[in-house]
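Look for chain A in each of the two complexes below; its partner is chain B in the first and chain C in the second.
Our next item is the complex of A and B:
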C-alpha cells in the first residue's frame, strides 16, 4: 500500500498530511498520487495553490512534451482538485480560494479541451445544469460544471434564472437523463421543488435523475422535494453524477 | 436569560429595549429582512414588483407584518437591491412570485476608480420610495411599532456592482484594492442609512453578506469588523447586522463591533450563538425558512420559537427574508408561540 512519505512533492505531502483527516480519504488520495510522475505532481500542487499562471505553463509544457492529455487532466488537474474539494468541504478554505483553484484548472483545461474534443471519446454521460428560476448566483454551479466536464461528462449549462420549462426543453432536446439544479437563496430554493413538479406534470420524471445542491440546500430538503440526490459540493456532485448515470467505478 | 418586566410595553418600546438588552414585558417578534408573501400581497393589493417601487404599496404591504401577523416590527424594504438599482446596476424586477434581483453577471464596476455614488442616489425612484414608505409608516404607526429601515453594507454592494466571482477573487488577489473599493462603497451605505433615520426609521438592518457559505470568519475580521464598528458612529441608530449562513465562527468579531443586534441563520444553534456573543449584542432569529416556515406546520414552527426563547434570544423571528409562498398561518404561529412561552413561564 502506498504511503504518504512515498510522495516526493513537498506541497502535496504537506497538504495531505495537514488537511485530509479521514483515513479512508487519505488512503484514496495517497493512492491517487502514488504512481504518477513528478510533472503531474507539480501541476496538482499549483492547482491546490491556485497558481493559474504556473498551471497554464506546466500544462502546456506537459502536452508539448508528449504527455497524454487524459493523463495530464486526471493525474494533474483533477488530482489537485480532489484535495481542494476536501479542504473546501471541511472549511479549511472558502469560496475565494476555491475560485482561484478553479481559475487554475481552467488555465490547464484550455490546453486539454481541444485535444479531447478532437479525439472523439464518448462522454461518460450527459447532464443538464442550471441555477433555478429567480436566482442569479452561479459560482457553485459553475464549479460543478467544470468538475463534471473534467470527469468526462458532456454538460449543457443553462446558466442562471432557469425556468422549469427551460430545464424540460433542454432535457427533451438533448435527450439527457441527468439534471442538476442549484440555488443559493432560501427564497429561491422552493423553485427546485416547482421544477421537479413540472417534470412530473410533463410526464418526464421517471426518465431522468435529478440532483440538487447549493449553500442553503440540505439533504432533508432535497428528499422532501423528491430529488434523487443531494451534493454538498462540486466533488460530491461528480460522485453523484457518476452513480446516477451508472458510471461509478 | 431575558429580564421580564410586568408593565405592558408598545411594540416599539419592546423592540428598542430588546435591541439594547434592556428588560421587556415579553420577547418581541421581528423580521428585520422581509415578511412579504404572495398571500399578504393579495390581501392588501400590493404585489411585487410594484410594492418594491411604489412607496404607498410598499408601506401597505410592510404594515401587514404588524396588522396581520402580529409582529412588533414593520420592515418596508423587502429586497436587497434598492440602492444597487440607484447605483446603476442592471435589474431584473421579476413578477409577483419572484424576488427582484441584480444582474450580477453584468457588473457596472471593475476597479476602485470606477466607483462613484451618483448625485441623485437618494432621489432615485428606488431609494426615494423607501424613504417615502418609511415616512408613511412613521406617520401611521410611529408611536406603537418599531419601523426598521435597511441599508446594504459595502461587501454586499461589491457582489452586486462587481459580480460575486470577480469581487471574491479580487479579495484574494489584491486585498488592498478590495479595501479601497469597500471604503468608497461604504459611502452609499452611510448615506442611505442616514436618510432613513431622517425619514423616521427606529432601527436599521445592515445586510453585509460575508456569509459562512462564501468566506471565512477570518475574512470578516480582516475586511469588515473595523468598518462595521465605525458604522455604529456613522449611522447613529440601533443597527441590526444581517449575515446568512453558518456564522458562529465570526460572531465573536461581530459582537465586538458595538452594533445593537445580529440577525442570525438557523444553521447556528441558539444556545451556542448566545454563548458566543455573551450579551455584547442582541440576537434576532432564527426560525428556519425553507424547511420549517415554508414547508412544515405550526408545531415545528413553535418548537423553533421555544428553542430561541429558552436560549435567551432577544428578538424572535424568521432567519432571513421568507420565501414568498410561505403560508401566513405559519407566520402567525410565531407571536402565538411567544405569548404561550411567556404565559407558561409566568405560571411557573
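Our next item is the complex of A and C:
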C-alpha cells in the first residue's frame, strides 16, 4: 500500500499530512499521488497554492514536453483540486482561496481543453447548471461550476434567472445527462420543482439526473420535489455529480 | 453622540424589527421581483410594514433597501434609480416612525467579488456604497445597518463609504455558518475576528444576522462579545426554512425565540431583532422578553 512518506513533493506531502484527516480519504489521496511523476506533483501543488501563473507555465511545459493531455489533467490538475475540495469542506480554506485554486485550474485547462476536444475524448460528464427562474444569485452556483470543471466535467452554465424552457432546451441541444439547479431565495425554491415538472411534461425526466442546492435548500426539500440528489456545498456537488453521471450512463 | 448610541450606553436593551422580503411578497411582490422598486410603486405597502413593526414595539425599523446598491438594482434595470429608491425607502420608514423611534438604512451585499476574487475594484465598490448611503441619508435615516456580509474587505469599504459621506453611526453585521471547525463566514471570518476587525474598521455597533437559528446565534454573539466592547446587534432567523405541504415555513415561533432572548442579552447583545421568517408577532414577543 502506498504511504504518505513515499510522496516526494514536499507541498503535497505536507498538505495531505495536515489537512486530510479521514483515514479512508487519506489512503485514497495518497494512492492518487503514489504512481505519478514529479512534474504532475508540481502542477498539483501549484493548484493547491492557487498559483495560476505557475500552473499555466508548468502545464504548457508538460504538454510541449510530450505528456498526455488527459494524464496532465487527471494526475496534475484534478489531483490538486481533490485536496482543495477536502480542505474547503473541512473549513481549512474558504471561498477566496477556492477561487484562487479555480483560477489556477482554469489556467491549466486552457492548454488541455483544445487537445481533448480535438481528439474527441469524452468528458467525465456533461452538466447543465443554472440558478432557477426569478433568482439572480449566482455565487454558490458559480463555485459549483468551477469545482465541476475542476473535476473534469464539461459544464454549460446558463447563468441566473433560468426558465424551465431554458433548462430543457439546453439539455436537448447539448444532450447532457445531468442538470444542476440552484436557488438562494425561499421564494424561488419552488421553481426547482416546477422545472422538474417541466422535464416530466417534456418526456425528458428519465433521460437525465437532477441535482439541487442553495442556501435554503434541504435534502428533505430535494426529495419532496423529486430531485435525484442534494448537495450542501460545492464539494458535495462534485461528489454527487460523479455518482449521478455514473448512474446516468 | 447619537441618541441611538446614547440609549445603548445607558444600558437599555433595544428591539429592532423583523423580516422585510416575506412581508412584501405577501403583499404583492412577485417571486424574483425587485423589492426596492416597491418603494416607488407600492409606497403604502412599505410604509405600512414599518408602521406594523413600530406598532409591535420595535425601537427601530430597517428601510426596504437591502438590495439597493447599484450592482443589485441594475440587474433589474433600475441602475439609474439608486438615489431615488433608497431615499424613498428611508422616507417611508421615517414617515411611519413615531417620535423617538429610529430608522436604520439597510445596506446588503453587492453580490460582487472584489479583486482578485472578482472583477470589482475597491474604488468602484466604494462609490457604489457611497451612492446608496447618500440616498438613504437624504431620506432621513438615523443610522446604517450594513448586513449579511461575508467579506471583511467589502464590509469595511461599506463602513468607510458610510462614514466618509455622512455623519451617521454605522451598524455592521456579518452572516456566519456552522461548519465542521466552528462558525465562519463564507470568506472564513470567525465571530471573534469579526468583533475585532469590524470595530477597527470603524463600526459603531457590530453584530451578526441571518444564516443560522437562535441557539447558534447566541453562541456567535458570546464569541463576538469577547473581542469587542462595542454594542452588539443581532437579527436572528426564525430557524431554518422547512417545507410543509409544499409551502416554505420558518419553524421558530415567537414564544420559542423570545424564551431564548434573555440568554442572547446575557451573551452580550444590546439590540435584538429578527431576520428571515420573523414578523411583528416575533417583535411583540421579543419586547415582552427583554422589558420584563
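Operating definition for what follows: the second predicted complex is superposed on the first by the 204 of 249 C-alpha atoms of A that agree within 3 Å, B and C clash if a C-alpha of one lies under 4 Å from a C-alpha of the other, contacts with A are read in each partner's own complex, and residues count from 1 in each chain.
In this section, a residue touches a chain if its C-beta (ideal position, glycine included) is under 8 Å from a C-beta of that chain, and two chains touch if they have at least 3 such contacts.
From a predicted model like this one, the values you see are computed outputs, not experimental measurements.
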{"item": "First, second, both or neither for A:90, with chain B first and chain C second", "value": "second"}
{"item": "Contacts of A:100 with chain B and chain C, given as first, second, both or neither", "value": "both"}
{"item": "Touching partner for A:209 - first (chain B), second (chain C), both, neither", "value": "neither"}
{"item": "Shared chain A surface residues [contacts with chain B and with chain C]", "value": "91, 94-97, 99-100, 133-137, 139, 161, 185-190, 216, 218, 220-221, 224"}
{"item": "Residues of chain C touching chain A in the complex", "value": "21, 25, 30-33, 75-76, 111, 113, 116-118, 150-151, 179-182, 184-188, 240-243, 246, 248, 276"}
{"item": "Contact set on chain B toward chain A in their complex", "value": "92, 94, 98-99, 101-105, 164-165, 168-169, 171-173, 211, 213-216, 219, 244-245, 289-291, 294-295, 319-325"}
{"item": "Contact set on chain A toward chain B in their complex", "value": "50, 91, 94-97, 99-100, 103, 133-139, 142, 160-161, 184-190, 215-216, 218, 220-221, 224"}
{"item": "Parts of chain A lying in touch with chain C, wherever the complex brings them together", "value": "89-97, 99-100, 133-137, 139, 161, 185-191, 193, 216, 218, 220-221, 224"}
